[in-house]
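In the part that follows, the structures are each spelled out as structure tokens.
Two complexes, one shared chain (subunit A), two partners (subunit B, subunit C).
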Partner chain A sequence: MKITISQIGAKQLVTLEGRLDTTNALQFQEDIKPLMEGETPDIEIDCTNMEYTSSQGLRIFLMLQKSVNARKGKMVMKNMKPQVKEVFDITGFSNIICII
Partner chain B sequence: MDKNYGLDLHCQMILDEYRDNIESFRKMKDIVKKQMEKCIEENGLYVNAIEARVKTESSLVGKLELKGQKYNSLSDLTDILGARIITFYTDEVDKIAALMEKTFEVDWSNTIDKRKLIDLDRFGYMSLHYICRIPQALYFDPEHPEINEYRFEIQMRTALQHVWATMYHDTGYKSGVEIPEEYLRNLNRLAGLLELADEQFSKIRIEITDYRRQVQALVADGNFDAVALNGDTFRSFLQLNPFRKLMERIASINQAEIIEDSLVRYLNVLVQMDFKTLGDIERMIKENSEAAYQLALHQLAGTDLDIVASSLALQNLCIVSIIKKGYGEIGLKFFYETLYGPSDYNIQRAQRTLQQANRINIK
Partner chain C sequence: MVTRFEPIAGKTAEIIEALMASEDMPISEDLQFKLRLCIEEVVENIVSYAYDGGNGWVEVGTQLVGDSLVITLKDEGIPFNPLEKSDPDITLSAEERQIGGLGIFLCKQMMDKLEYERIDGCNLFKMTKHLKQ
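So, the complex of A and B:
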């Protein structure tokens, strides 16, 4: 799983590449810590090259969403591949996280 | 160097006392405002505004120039510190007043309920003014006993009364200039209109509260067919956790953790599905729970997904209901658009869901 974080204007742009599963979830959680503490709560997550997310990944996205909500920001995940979107749909997470 | 306004000796002494004690009034302002905010919050009231200000020197000078001889000392001026609570509804003015009585020491001999001064045949300035002191139990500093001695004024009024009072003030009332009768008459007509509006807002609120109580009783009795589906009734219905049993069954597929999320967004979906009463939802649960569970089983079994949103039960119930009603792919696409907004992906979502439903024979 490769993660890139950059600041574009008033929001943080996060780019994800590869699979997010048990083997790298902890590292991913560590990598996104700056997003949960920063002064810029608006986050856009580009999932163009994300291949899969496991339950651990969903938990981390949920944690990030809650952190953004608490800071009155907005988080969107975009350009998800159909197989990743399906994970969000069949768990009901599409109701919790804004996917465009 | 203090500014010289050319006041007579008597008024100048009052102004000097004001200057000597301005910091105490500022301290009083902080205490009073903080205490008002605290007790309003603690009592679960929601008001339009809580304000407090210390009279400016120029405003005091203006008042002294006009009627300085009325006052023996600064203590006679009860509005050096003025606080104001603006409510949304008329009945809340009395509730706030009761709270102020408990919080501060009210000087009843100088307190005016201007609402009672209105002649029966006319409208006018309706507001409740309390003249108060800060009780020692609330704040006491032996070096500044004046903080408990100086009086201050609390105005309590509704937002519409405030609008009227502000406009009336703007006409020149403060300068003591007489308002020509025709303008006064128009102002009074406006006061009447606003009083009527205030009364209607309170009445509507009482009626809505009564309606909610009736609905809650009907919902609690399980009389769902008698309850029309709307935002209020749907929220009451959700308090009964009607989807919990199905949700727990779905979660048990992978021993999943259930994450609570809001179901309120589904109201729009249900209305689009032509559900008229809570009874329609209840029937959907009875008739489609098994199929909704089978759909979840088909989707989740064989995955390691052990976390689900609590809305999943209702999501699958709606999907099954749409398919059973024969709305097919178009119906599902519309469902996803209502729920998640327009997206090219919704048609793929709909096709995939329909294929999965067909595989387990949901028709």
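So, the complex of A and C:
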């Protein structure tokens, strides 16, 4: 999983590329640390090239969403592939994470 | 096809790939996506917990039965019936949701049948997926 984080004004733009699974979930958790800091975060995650996530990945997105909520910020995930979106749908994550 | 792995510590990816490489696997990308996800969830559980961090073996196999693919995983670890685990409440808010507990739930949703048996000191877990949608 390749992750790119860029700061555009007050917004953090994130692009995800590849597969998020049991082999790289811990690394991913390290890589998103810059998103877990700061007041009222405004995070946009582009999932165009995110191929796959297992429950290990979902766990990290939930952690991030909790952190964003606690800091009164907002986060959206966009351009998710249908198969990946289905994983978010059947676990109810589509109700707690804004997916556009 | 049955493949045995011993020891299994750190072998999660290798075990998943062995199953995905089976000639019984469907060619549909959508089905492969779902099967890989379910296989990963179960293999990860076995590697992490079956032998309590210690080492042991697992036998994994696939079989076509009529229009269905049956994936079998057998280990000699601590008795554990994943089907007894209660489902997460997917209506809760982010704050109320627990981190974790989603793996088996995903398998329940994506596969057509899950079966667990404890036989001769082994955990035997079977997942069945109808391939003709």
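FYI, the second predicted complex is superposed on the first by the 98 of 100 C-alpha atoms of A that agree within 3 Å, B and C clash if a C-alpha of one lies under 4 Å from a C-alpha of the other, contacts with A are read in each partner's own complex, and residues count from 1 in each chain.
Basically, contacts are C-beta pairs under 8 Å (C-beta built on N, C-alpha and C of every residue); 3 or more make two chains touch, one makes a residue touch a chain.
Model, not experiment: these values are computed from the prediction.
Asker: Following superposition onto subunit A, is the placement of subunit B relative to subunit C best described as a clash or a fit?
Answerer: Result for subunit B and subunit C: clash.
Asker: In the superposed arrangement, does A:55 touch subunit B (first), subunit C (second), both or neither?
Answerer: both
Asker: Taking the superposition on A as described, I'd like to know which of subunit B and subunit C A:99 touches: first, second, both or neither.
Answerer: So A:99 only meets subunit B here.
Asker: Regarding the shared-chain residue A:11, is it in contact with subunit B (first), subunit C (second), both, or neither?
Answerer: Touch status of A:11: no partner.
Asker: If we overlay the two complexes on their shared chain A, which of subunit B and subunit C does A:66 touch? Say first, second, both or neither.
Answerer: A:66: touches subunit C, not subunit B.
Asker: For A:87, is the partner it touches subunit B (first), subunit C (second), both, or none of the two (neither)?
Answerer: Both partners, subunit B and subunit C.
Asker: Which holds for A:74: it touches subunit B only (first), subunit C only (second), both, or neither?
Answerer: A:74: touches no partner chain.
Asker: Both subunit B and subunit C touch subunit A; at which residues?
Answerer: Touching subunit B and subunit C on subunit A: residues 54-55, 58-59, 62, 87, 90-92, 95-96.
Asker: Would you tell me which residues of subunit C are touching subunit A in their complex?
Answerer: Subunit C reaches subunit A through residues 12-13, 30, 33-34, 36-37, 40-41, 44, 88, 90-95, 97, 99-100, 102-103, 105-106, 109-110.
Asker: For subunit A, which residues are in contact with subunit B within the complex?
Answerer: 54-55, 58-59, 62, 82, 85-87, 89-96, 99-100
Asker: Spell out the part of subunit B that touches subunit A in their complex, as residue ranges.
Answerer: Subunit B residues touching subunit A: 256, 259, 261, 265, 296, 299-300, 303-312, 315, 339-341, 343, 345, 348-349, 352.
Asker: Contact residues on subunit A for subunit C in the complex?
Answerer: For this pair, the touching residues of subunit A are 21-23, 52, 54-56, 58-59, 62-63, 65-66, 69, 83, 87, 90-92, 95-97.
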